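What follows is chain A paired twice: with chain B in the first complex and chain C in the second.
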Partner chain A sequence: MTAYLIRRLFQMVIVTVLSAMLGYSLLYLAPGGPLLFLQQMQNTGRNRVSEEDIARLKARYELDLYLPVRFTRWLAGFPSGPLQVGGLNLLPPDTVVGCAIPGQVRLRYPDGTVEIREEGCERVVTLADLESRRSSRGILFGDFGLSQQIARDRPISDLLMSRLPYTLWLMGVSTLLAILIGVPIGIYSAVRQYSRFDYAMTTITFVGSSLPTLFMGVMAILIFSVLAKDAGLPYLPSGGAQAVRDYTIPWIGRVEAGSLLDRFLRFIMPVSVLTFFNIAGWSRFVRASMLEVLRQDYVRTARAKGVQERLVITKHALRNALIPFVTLLAGVLPTLVAGAAITESVFNWPGMGRLLVDALGRSDYTVAMAILFISTVLVLIGYLISDILYTVVDPRIRLT
Partner chain B sequence: MATTTSAIPEAAERTPRRSEGQWVVVFRRFRRHRLAMLSLGILIVIFSASILAPWIAPFPRDDIGLNRTNLPPLSVDPANGKLHILGTDHLGRDFFTRVIYAARVSLMVALSVTMLVAIVGSLLGLLAGFFGGWTDNVISRVMEFVATIPDLPILLILSSIMIQNADLIVLPSWIIGPVAWMMAVPNREATQVALLILVLASLGWVGIARLMRGMVLQVREMQYIESARSLGGSNVWVLGRHVFPNAFPPLIVAFTLGLNAALVSEVAISFLGFGVQDPTPTWGNMMGFATSYMFNHPWMPLIPGLPIFLCSLAFNFIGDGLRDALDPRMKL
Partner chain C sequence: MGIFSKRPTAIVALMAVLVPILAACGGAPAAPEVIRETVVVVQTAEPIRETVVVAPTAEGGTPGTTGAAFTTPHPILGDPKVRQAIAYCTNRPELIQSVYSYLTPEQQEGLLMDTNLPKTHWAAASDADGIVTYPFDPEKGKALLEEAGWKLEEGETVRANADGVPLTLEFTTTNAQFRITWATVLEKQLLDNCGIQIIRKHAPASWWFGSASGLRRRDFELGAYAWVGEADPGGRTLYACDQIPLPDNNWNGQNYMGWCNQSASNAITAANNTLNRDERIENYKAFQVEFTKDMISLPLFQRLEAYGWNKALQNMKPDPTEYITANAYEWARSDNEDTIILGFTQEPDTMFTLVSSAAVQRQAAQLVEGVLTTQYNYDFQPVLQDGLSTIESGKAKNEVIEVKEGDTVWDATGAAVELKPGVELINSDGETVTYQSGTVKMNQLTVTYDLIEGITWSDGEPLKKADLELGVKIVCDPKSGNVSLTFCESHQGAEGMNVTSDTSYTITFLPGVQWPTYYLAPYGGYPSHLELSDGRKLADVPAEEWATLPEVAETPLGYGPYILKEWNKGQSLVYEANPNFVLGEPKVKNVVIQIFADTNAAVAALLTGEVDILEKATLGAGPEVETVLKAAEEGKIEARTDASPTWEHMDMNLFVR
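Here is the complex of A and B:
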């Protein structure tokens, strides 16, 4: 088991670094960025932006460093300066790690036109220069750097933390509800296989899982917010997690902005849509698993020796049917972060998924990468947890 | 040869149970699934409308008219007395025209993504499952890695990066041409659609490849494969003639559900604004605009919404029907 865990952790680190590399190369390829605007200003010729200004800004966003150095600094905060181990200069202070001002070569063509080409380096960046800079601890250690657009120069981790509770609430409650509703439906459908209840529930949950959350969300707003309000009926407010100013709802009365009631009313629709969408997954899974177990010999034995049907179902069948269930639970983990980007966008819910969409809309790719990275790590942790849980709940399975 | 083929249908009519091919049986079983048959009918209607879009559209696609914005369905343009069956959008463009052109884009994107995914995925799965060894190892590791990355975030990131730079990316004309023709869009609008297809396909192949690999691993151990080999069959022959056809049926179900997944992804990405951009209509970006006008014009989201709803449900029902029809243990 220990050997297995060590091997798995090792694999996880490799995959994490790989996905970080993938993310970073996307980040590198992504256009826009803080310098684009400056270059455009310089090109118009009206504002003089000196080489020094550009160098200073480049240094601020670390754009003057060579790509591998930038990557390792982003990943693990290394190198943050000269490295000395016991008097031995492993990385001497004058190691070149980047180029602050590129050298320029004037090319004069025979036809008289002049082209300025960047070639070589006029002023280099050395490790000694890095010491004075704000050093990120690296995303592997939870430091995602600064946001560039969404919240200027605020640490991304702050931004994520301010959004996380909303997503956790939304996903947590809807997952819990989906399980609480879906599992009993699944059990009952399996026990009464091919009954009217089974057919009805299978169809309803099938439709629920077939409909895109986008469609369900928009329809929910249309029916419960727009049409209900137009008809003078009590309606559910849509958009955001809380209101800006007080409002009145027929039959309920005045709702104070930001009060518990206000938050609850705004919570209902997104949670219901996600729940309805997810019920099918759980109920279908439990139904299949129960049907499998109910065919087993030990269930027949239990019935043969006269155990009450209720006990057969709950004690003998259900317990065994739920074994694979725990592994599904671990699969929920990554969806807690950015799993509901669409639902959150439809309902303007200020969670992580919405943050991702906002960040992409404003080309703030560092924020987007942070979210991608966190969800990838959560997927890996989810896999690991589910594998370990398997051995805990089912002693027949050993990890080697 | 010609006489035998023409004789088969007659023989089949006389003794229906004997000379039926596998697919005839499957279709007969499929026909019992009423919802699936209904879905098939709906899909055929929507598909034909999308293919005939350039001919049946009553107005030009981008015909802006600022004196006839946000007209409700079945209203008549006050200026020239022309009927707008589904009304007009915020720029006065005819909704019916746009929704069938959008069907063309949305459905064809889904179709081409699924085709690409099916070809690449089943080829890789076939190779991994059949040859095993390091081929399998490499392909499986890549599959594991791609499966680890959460779909939605990476899809959104990739497509937003691609679409925001669609002007800078130059695709070869042998991609642009067919895409523009399939989607019925001008060439300059085809780049973004092609990019979106590539993004969706680049992540979607893993599911199919996994399924194919699993099926091939099962089929590979069958005795008929052994006999095919002992007859001296080459790898290509055994793969193409024996392994692939026998590993194929579950793929059809995956293909149908893949169509749905691709459609829904395209709609979601375009809805959020990272997919196909405005003058080119898709159900997704139409939905995006419709939702911002829905508080004053509540019918608007229904216009792109209902086709999304119908297609999505139809793909799922057909997938379900096919699954039942292809499962020999299932009694219908």
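Here is the complex of A and C:
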């Protein structure tokens, strides 16, 4: 078991670095970024931007460094200056690590035409130049760096911590409710296969898993917020985690902004949508898994031996049927932290999922990468936990 | 029953049902076969390579080299008659109708533009000034095309010239739905009305506005995009002869049409190099006459912008060229509420204005910083500045001085340089000359800027000389994150500024600097007395740290009408009235900016009364505007639409590469 864990941890580190490299490279290639606005404005008058200004801005956001150097600085805060061991330089301090101002060559063609092309580098960035720059300790050491757009020049960790409680609260409650409701429904549907309850639940869960949360969210707002209010009925606030000013709801009365009741009312719709969506998927999964187990010989044997049906279901069938469900739950861990992007956006919930959407929309790739990196690590941890849980729920499985 | 039990019959029956359905769902008439030709680029010899010394980007570009690319006139658009015909054949009201159908005919009419300046701009020319207007007149368009040799043969839909070349042009723009909508209408108009075929190409914005593609490389025939009009019209980089992007000037400049009309170029250059408002207007009008006559860029329409607000709010001043928060100190409510809530769909990135350019940031920061001047109705008005520092007011002087070799001057390209032989500069007569030796007469601008007396920081500390000195020091420090240092360089930073009192300073600009908006106070103050959480004084903090300081980026101290009390990330910014505001404590005690994930949610909140104001950047001009206008018609809220300073236009590339 120990050897297995060490091996898995080693693999996790490699997978994490590889996926980070891939994600970083893809975002590096994506258009946009902190300098995009410069291309869409009249470059004239008092606010004219010179080549020197652009070079300065590029340096500020590390856009003048070559991709591998940017990546290692983001990942591990390395290099942050000349590489020295015991006062000796491993690489010359003038080793080129980027280009501040691209070079230009004038091409004179035989037909008389002339063209200037960017080629080479007019002013390079060296290892020695990095010494005077601000530098993070690297994401591997818990330093996510600074945001480039959403909270310009402010620590990404502050940004994440301001959103994390909202996501944990939303995802935690909805996941718990979905398990508490969805698993029993799945079991009961399997045990009472083809009953009215089974048909009803199958239909509902089929609809639930077919509808995207975006649609469900918008419909929920329309019905329980807009139409209910227009009809003079009690309604639920359409979004946000808390109100800015007090409001009145029929039958309930005045709701104080920021009160527990206000927060609870705003929590109901997003958590319901996510719970319903998860129940739909998970109850179908548990039902299918239970049906498969209930057809196994050992269940038939247990029944033939005269074991009580309740024990057959809970002791013999359920424990085996839940083994694949454990794998499914491993995927919950990253969403607990990374949030539900669409649901959070629809309900204006200030969580991590909405932050990721904002970060991608506003080309704040350092923030997006931080969230993707955390998700990657959590996915890997989730799978490790599920592997370990296998041995708990199924003694036949041994990790070697 | 028996008939369907036979498999072949069943298959035929199934096909008979499916085929019409598939045809109805996705079927399209068979397209004519496209003939593909491979283009072989023949390069007989290697070009000669020369290293180019990268000079700072300047307004004065390099003139095109004879024999270089883009010297062959476009075979169709090179003819002004065709360009004018395109203008006459374009039914612009119909384009406006296609995207803003919910507006009244009068409102739609208000979005039409005739020149490169909105009709309400102080420098806009009218028919009386001699501009050529292009109302929808297909007959006139067809006549011009006939004159130009583009005939429509019997039975044909597209015109062709004597060589049988069809009148077909590629039309490039972004793939935004808004542009797809009106471009579809334009395509039909030109074909149906005048036999001009355009092939629409909707490219991603990243390509169209890319630094080495699309517009920048003049890779288009007809190209549509938008410019944003400003109180100071600028325009030199867009239309002057030396601003044509070419391969041999490394694509510098924004005159993407490749238009060089010397009269127009001189006029727009002069308009940007003079301080006298009347002379500027005269030059801008002369420019617009040439601009409309040559028809190198067809102004299509101004975009729409809209605002919605609670009926209880008073003194709202929505304006195309100013943010709604600019007069927040005048806001009031007719009911008993003491809070005004603004809805934003984008959270401000920082409160440190120097490092951001977002509209939401400006508005959030204005509440705390206050405004020295405003830009209502395409013009300038003083607020915390004590009157505009114009020459007429006696606060500014533009003297003729003599400069000699070794002096630092502002050269013709707009850069601070040491005067030496070969430097091009603009002399006191407005002529561009090359310095050889001796002395040259140049204009030197000296301006005194006064802020109104009694400005006090929200913590009660009065504004001091040290605050103003700190202001220029940080703004002009390259490490602070300031994007453009051009203005600082034009007076050599703190060196050229003399703070004469707690509310007054004088800037002596370099010889040759002639900023048309010289009368606007460029610097406010920073609270030098502010003590940070780590015990340091703000004045002692190096510029490179400023953007990362919570006391600067998140809860700054200002002398504006409101104090930012709380910033709940992703949710809201909570302000309360500044009792020390120099123009009096605001009547509304609290202002809150609430962040929404999208415009729909923000509009829903406006209609349910959860939000009081949605301004132009949040509301946009999409279908949500219609909802807001309907609600206003029903008397639920107040709403207003304006012609935005952002205007759609269609550039015509006059040359082929």
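A few comments on the model shown:
Following the convention adopted for this analysis, the second predicted complex is superposed on the first by the 303 of 400 C-alpha atoms of A that agree within 3 Å, B and C clash if a C-alpha of one lies under 4 Å from a C-alpha of the other, contacts with A are read in each partner's own complex, and residues count from 1 in each chain.
Operating definition for what follows: contacts are C-beta pairs under 8 Å (C-beta built on N, C-alpha and C of every residue); 3 or more make two chains touch, one makes a residue touch a chain.
Since we're looking at a predicted model, the values are computed, not measured.
In the overlay built on the shared chain, the residue A:Thr2 is in contact with neither chain B nor chain C. Once the two complexes are laid over each other on the shared chain, residue contacts for A:Phe206 go to chain B alone; chain C is not touched.
In the superposition on chain A, A:Val226 contacts both chain B and chain C. Within the superposed three-chain model, A:Thr248 lies out of touch with both chain B and chain C [touch as defined at top]. In the superposition on chain A, contact is made by A:Thr376 with chain B only, not with chain C. Set against each other, chain B and chain C differ in how many residues of chain A they touch, and the higher count belongs to C. Contacts of A:Ser345 after superposition: both chain B and chain C are touched. In the three-chain superposition model, chain A touches both chain B and chain C at residues 31-32, 221, 226, 345-346, 357.
By the touch criterion stated above, chain B contacts chain A in their complex at residues 145, 148-150, 152-154, 156-158, 160-161, 164-165, 168, 260, 264, 267-268, 271-274, 287, 290-291, 294-295, 298, 301-302, 305, 308-309, 312-313, 315-317, 320. Against chain A, the residues of chain C that register as touching in their complex are 43-45, 47-52, 54-59, 65, 67-69, 204, 206, 209-212, 216, 227-228, 230, 232, 234-238, 247-250, 254, 272, 337, 339, 341, 346-347, 349-350, 352, 355-357, 414-415, 478, 481, 483-487, 490, 515-517, 522, 544, 547-548, 550, 553-554, 568-572, 574, 592, 594-598, 601, 604-605, 608-610. On the chain A side of its complex with chain C, the touching residues are 31-32, 37-54, 56-57, 60, 101-118, 122-123, 134, 146-147, 149-155, 158-159, 162-163, 166, 221, 225-226, 229, 237-245, 247, 344-348, 350-351, 354-355, 357-358, 362.
If you check the complex, the residues on chain A that touch chain B are 15, 18-19, 22, 26, 29-32, 206-207, 209-212, 214-215, 218-219, 221-222, 226-227, 230, 334, 337-339, 341-342, 345-346, 353, 356-357, 360-361, 363, 365, 368-369, 371-372, 375-376, 379-380, 383.
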